[in-house]
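Letters A, B, C, D and E mark the chains as written, and numbering starts fresh at 1 in each.
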Amino acid sequence: MAAVAEQTVGKSVCPGDVLMSLPETGVVRIGGGVQQEGEVLVATKAGVVQQAKGGKLWVEARQKRYIPSPEDVVVGRITDKHSENYGVDVGGPFRALLPVLAFEGATKRNRPSLQPGDLVYCRVETAHRDLEAQLSCMDAAGKASGFAHLKGGMVVEVSTTLARSLLSRPPAAVLSALGRSLQFELAVGQNGRVWLDAPSPATVILVANAIQSSEFLSAAQQEALVAALLKGSSAAATRRQQQQQQQQQQQGDE
Amino acid sequence: MAGQREAQSVPWFADERPAEVIADGVRLDGRSLEEFRNVFLKTGVISQASGSAYAEFGHTKVMVGVYGPRQSERRVEYSEQGRINVDVKLASFATRQRGIFGQSPEERELSAGVQAALEAAADLASFPKASADVYVLVLEAGGGELGVAATAAALALADAGIELFDIVVACSVSRVDGCLLLDPSTDESFREQGGLVLALLPTSNEVTQLVSRGRWSGSQLREGLELAMGGCAQLESAARQCLKDAVVAAAAKQRQQQQQAQA
Amino acid sequence: MERADGRRPGEIRIVRCERGLLSRADGSAQWTQGGTSCLASVAGPTQAPTSAKEDAERATLEVVFKPRAGLVGSTEKQYEALIRRSCEAVILAALHPRTLIQVVVQVVSDDGGVLACALNAACAALVDAAVPLRTLCAAVSMAQEAGPEGQLLLDPSAAEAAAAAAVGTFAYLPLLHSVSEEVSAAGDSISGGDLQLLTSLTRGRLTSDQLLDMVEAGRQGADRLAAFMQQAARQV
Amino acid sequence: MAAPLISQGEVEWITAGVSYNTRNDGRKREDFRHLKVQLGMLAQATGSARVQLGETDVIVGVKAEIGVPDADRPDCGRIVFGVECSPVASPAFRGRGGDELSSELARALERSMYPGPSGRGGGIDLSVLSIVSGKTCWVLHVDALLLNIGGNLHDAVSAAAQAALADAKVPKVQVVQGEDPSDEPDYEVDDDPSEAMRLDASGMPICITVSLIGGHCVVDLTVQEELCSAAAMQVAVDASGGVCGITKRRQKGIEASLAMEMIEVAQRAAAQLHTALSSSLAEQQGQQQMAVG
Amino acid sequence: MLQADAFQRLYPDKYLTKFIEQGVRPDGRPLSLARATSIGLGVVSTADASALVKIGSTTVLAGVKCEVMPAVADAPDEGRLTLQVELAPLCCSSARPGRPSEAAALLTEQLEGLLEGAGVVDRRQLCIDPGKAAWALYVDVYVLDADGSLQDACLLAVLAALSSLQLHAVTLDDAGNIQKAAVPDAGAAAAAAAAAAVPGSPQLRRLSLGCQPVSLTCGVYLGRLLVDPTAEEEALLEAQLTATVDAEGGILGFYKAGGSVTASQQRVQQCVEAAKLRSKEVQGLLQQALDQAAAAAAAAAPS
């Protein structure tokens, strides 16, 4: 079954392109951007055909608008507060709901206190086109495992495709390159939002620039990009240091 | 279209309005003073509407469509009673001078007048929170629009199956040079010193709408109202006949269909 | 027979398509055919702002057509309706119920065939926004020259359209394209070389034969545009 | 409009009171509240009046402008009525909230002043407003502003309109013919107030709204009383008792003989109100003359 | 009976499918037959011309008002024709009072495009005095009952009203006012009568129309063509095609606005042929109505 799809995987398609005929036996699992049209499977979005290990076939489209899907990790922003739920903007068509008890260790008495505007890193628990998406700050086992209220830092917006590639394993070249020489915290949401924090604002900005510029670059190009950015910033840092020293000297002279 | 300047146009009339409308007790169209124009009433004229009616009094031609009772379009406060919304519109060519775009003050007044005439007749408690939308289009305004529209609208409400305490019949009277004219035409009411429109629930003799203009002495007014009430009584039988005919026709149609189905 | 700008009768003006020009929109595209150019942007699927625009079963499509200058008149309303109904035919609206997809088409320059250009721009922008589509949709304009010797002109300029006896704008669904060789036969049997005329608007007088020739020639022109649109869509 | 609410008990109380011919403020069924009239309070206007009827407070201004007569009545001037519902009076009037009420009030005024085909049949002889037949005439804009709503708006607006028109001093106009007869003539407006023409408003009708509460005819209702009445007849009556316009108002129907009775009640009440208004007007106009002298 | 009603309301698509599969329509028509059509002329006496058109239950009233306008500088010998379609709020449950709806604007644009593109009214005929004055015609179309195929009914009402329109013979006097033309002398009267083809009324002049467009709307359902669909059918159709043809069989418009199915070459041809047949039928009805009106006018006018 997977063999039938093999020759289409990795190809660029656009809406209306026939991906494959339905096999006479067996099951084909399809994801976003693929629809059954009679006897064939057809692409409904422009992008690259991908196949997951389980055989699921989807079209990876370069998309800005996020459509929630179960098990996605997202960076959301609290929009409103209710007794049982938080309303969260995840960039989808509708607001998503984050139950106040969906945090590790939360009880009716001991619940997290989030304010509208706060950022959370969470997981999409359920998503259905007719219902509001349900979020959770716990993994399936009920552990926090990294999901939390994001304090400080800043958020940059990227395409959903880039977000997915940043989350891929092994890590994207740009991230490993940055990680080798800088210290920073990072949370990537599949909704195209990347949260960043670092001890120095300069680092945050450098990382943000690197990530946003890396979308259409090969691994080698990404390495080069990071190298160039780091060089520029260290040069700038040296210059700044020199200026400070000069100023101090001048003050000392006076 | 856009950007092109529209030159203003002005109406031009081939004929003047007549200065005299009565001669020797006979009106322009040959009627006697207390005679109606030819009256034609029919219900069920609009296939899409819940209820509808067409009324023709001489040159005055009015069509009414009723939709509902349905959910109120505008968000209105909660009410145990239903609402009747009336919108009266004159076709642009219905009057001597071409009508303007948008609702004219005259249309607004007609809408309010018809609404008042109907509200007392309908059992508003039978459709709480909902509204019955009554849309009236005057195809030709040949005089006495308010009365004709109210009569037709009541028939349309009845056709829509909305519960009514009674039907509403309405007619107009004009006073021209001291004579009282029943069911005046446009030319006649243009020359009137006084005019009135009366809407009645005929069974209980209840006035649901009374509008007058011009100066009336007490006795003139009493005479005028009596004439109007007499007119309403004549209309009542025509209106009831119209509703009966509709029921008979519907029954006949159903029988026919059943026969067809059996065959 | 050459045309005023040196084209042959069945030749389309130079076509360009740029995607993703607008950062605020969820998708955008500028489609240019010779001197006519339209910029389309897509926002959505988003939550419908009013219940009037909300459909429990499918996404609602809203199209705004903005002329280069001047007020929006009934011609623009007609264009909006035609673009909306044509796009509705290709959007898989049931996938995003209760949402609103807004398409705004801004005319950048108009040298004839602006409706066809606007339709193509709207379709390319929908692809850019990754709104799920059944297939692409491509439109052309056509002109029939006056007189017995009059020729059928593909993609006429404004001057050609003004001088013509009749003009028409037609949108078609392109034949299903298969990426894998083995199913291409199946794909062909689905479309079967059909005309696949989705939308049509004509003005002026034509004979029956002229109309049939026009829609057929339009189909061939639209296929070329669709191929170009596919190519543009595949470039990531 | 967000209507004020009333409980069933209050309705019963008021209805019972009316049946004993005693109202909450001590009045009888056919009594009006105190009518207070002030003239000439808007210096810019051709004429103006403020009328307070109990808590109801209305200002009417008259502005005379030179305009074109109706094609149907070339020898007559025109009077145009407008009513503005100020949000000061009720928050419900914000935006377009007051449109319906203002159009209703304006049309009622207009109808009560119906001049007939000759133009002389209404409360004011429109032929005195003519300047050049078929070309120019005075157009009087009568604009009412509702300041406070305390029940019986219609009657207060109509009394104020009459007072304002009585106060109006329409300037004298001289038509100066150009040398060429085909040229448009010039109009010289005389600013001297002593030369100005006063309108004879004595024939103007005032509106009396007669309402039914528990089967009894009641005039000059307060806001609370209005909530207890389901049917009313608004009757414009002139000083000689002629009926110049009727409009049936509110939801319920009225039995025909009762309708006639209501009109008679209106005629009786109007006679009282006309006397009160004209004495008040005479007094104030006398004062004005003294002040001028 | 009741069961059929309930079935129709609950499953309108299945209800229609059952009929179409049998080759008939819910109202008993075969697929290729248009509904009974009637044309009434001169129904509104305040209008200069009017026509009431009924196609089945679909009812449309068109009226023409003539006003006088000053000539426009860039077209001194032309008048103006303004057309507006209004879906009166009483015509269907979705129409509301107030601003014209999108559907009404689309119909207006469709009809304007057809009249313009086909050259139905030569605006030079509306000239009163070149460079000074001309007629401004206001054609207002009111849909009274919207039971499908509105464009067909609206276009027919406009065509009928314009065909029956008679302009007053007027002249401009020295003061620039419009006056009725003096009764022309015998020779001129004969010429005018010949031109107007209205015997006995030299004071009136008929417009001569460039062509007579008639449109036919066809629906596609289950791969079949439904001629002249009703509102009930329209709601379920997969696509709609409207072809407009003139009396000579020339095509003045071919309209299709999207839809869930596309049209094939055969489908286009089929629709055009149906429209040509329908045009012949409608032209006949119109001529009949015009003859009747002329006969009535002749009978009314004392000779």
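Note that in this section a residue touches a chain if its C-beta (ideal position, glycine included) is under 8 Å from a C-beta of that chain, and two chains touch if they have at least 3 such contacts.
Worth saying up front: this structure is predicted, and the values here are computed from it rather than measured.
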Steps needed, at fewest, to go from subunit C to subunit E via touching chains: 1
Most distant chain from subunit D, judged by the mean position of its C-alpha atoms: A
Chain separated most widely from subunit E, comparing mean CA positions: A
Pair sharing more residue contacts (C-beta pairs) when B-D is set against A-C: A-C
Central chain (distance from its CA mean to the mean of all protein CA atoms): E
Centre-to-centre distance between subunit E and subunit A (centres being mean Cα positions), rounded to whole Å: 59
Separation of subunit B from subunit E, taking each centre as the mean of its C-alpha atoms, in whole Å: 28
Between subunit E and subunit D, distance of the C-alpha-averaged centres to the nearest whole Å: 49
Rounded Å distance between subunit A and subunit D, as computed from the means of their C-alpha atoms: 71
Residues of subunit D engaged with two or more neighbouring chains: none
Residue list for subunit E, restricted to those that touch at least two other chains: none
Per-residue multi-chain contacts in subunit C, two or more chains: 74-75, 173
Contact set on subunit E toward subunit B in their complex: 1, 43-48, 50, 57, 59, 61, 63-72, 80, 84, 88-93, 96-97, 136, 138, 140, 142, 144-147, 168, 170, 178, 180, 231
Subunit B to subunit E touching residues, read off their complex: 7-12, 14, 45-49, 52, 59, 61, 63-65, 67, 70, 73, 87, 89, 91-96, 98, 103, 133, 135-137, 139-142, 254, 257-258, 261
Subunit D residues touching subunit B - in the complex, by the definition given at the top: 2, 72, 100, 103-104, 106-107, 111-112, 114, 116-117, 121-122, 231, 233, 238, 241-256, 259-260, 263-264, 267
Sites on subunit C touched by subunit E in the complex: 74-75, 77-78, 81-82, 84-89, 166, 168, 171-173, 194-208, 210-212, 215-216
Subunit C - residues contacting subunit A, complex: 25-27, 44-47, 90, 92, 95-99, 127-136, 173-174, 176-180, 182-184, 186-187, 190, 229-230, 233-236
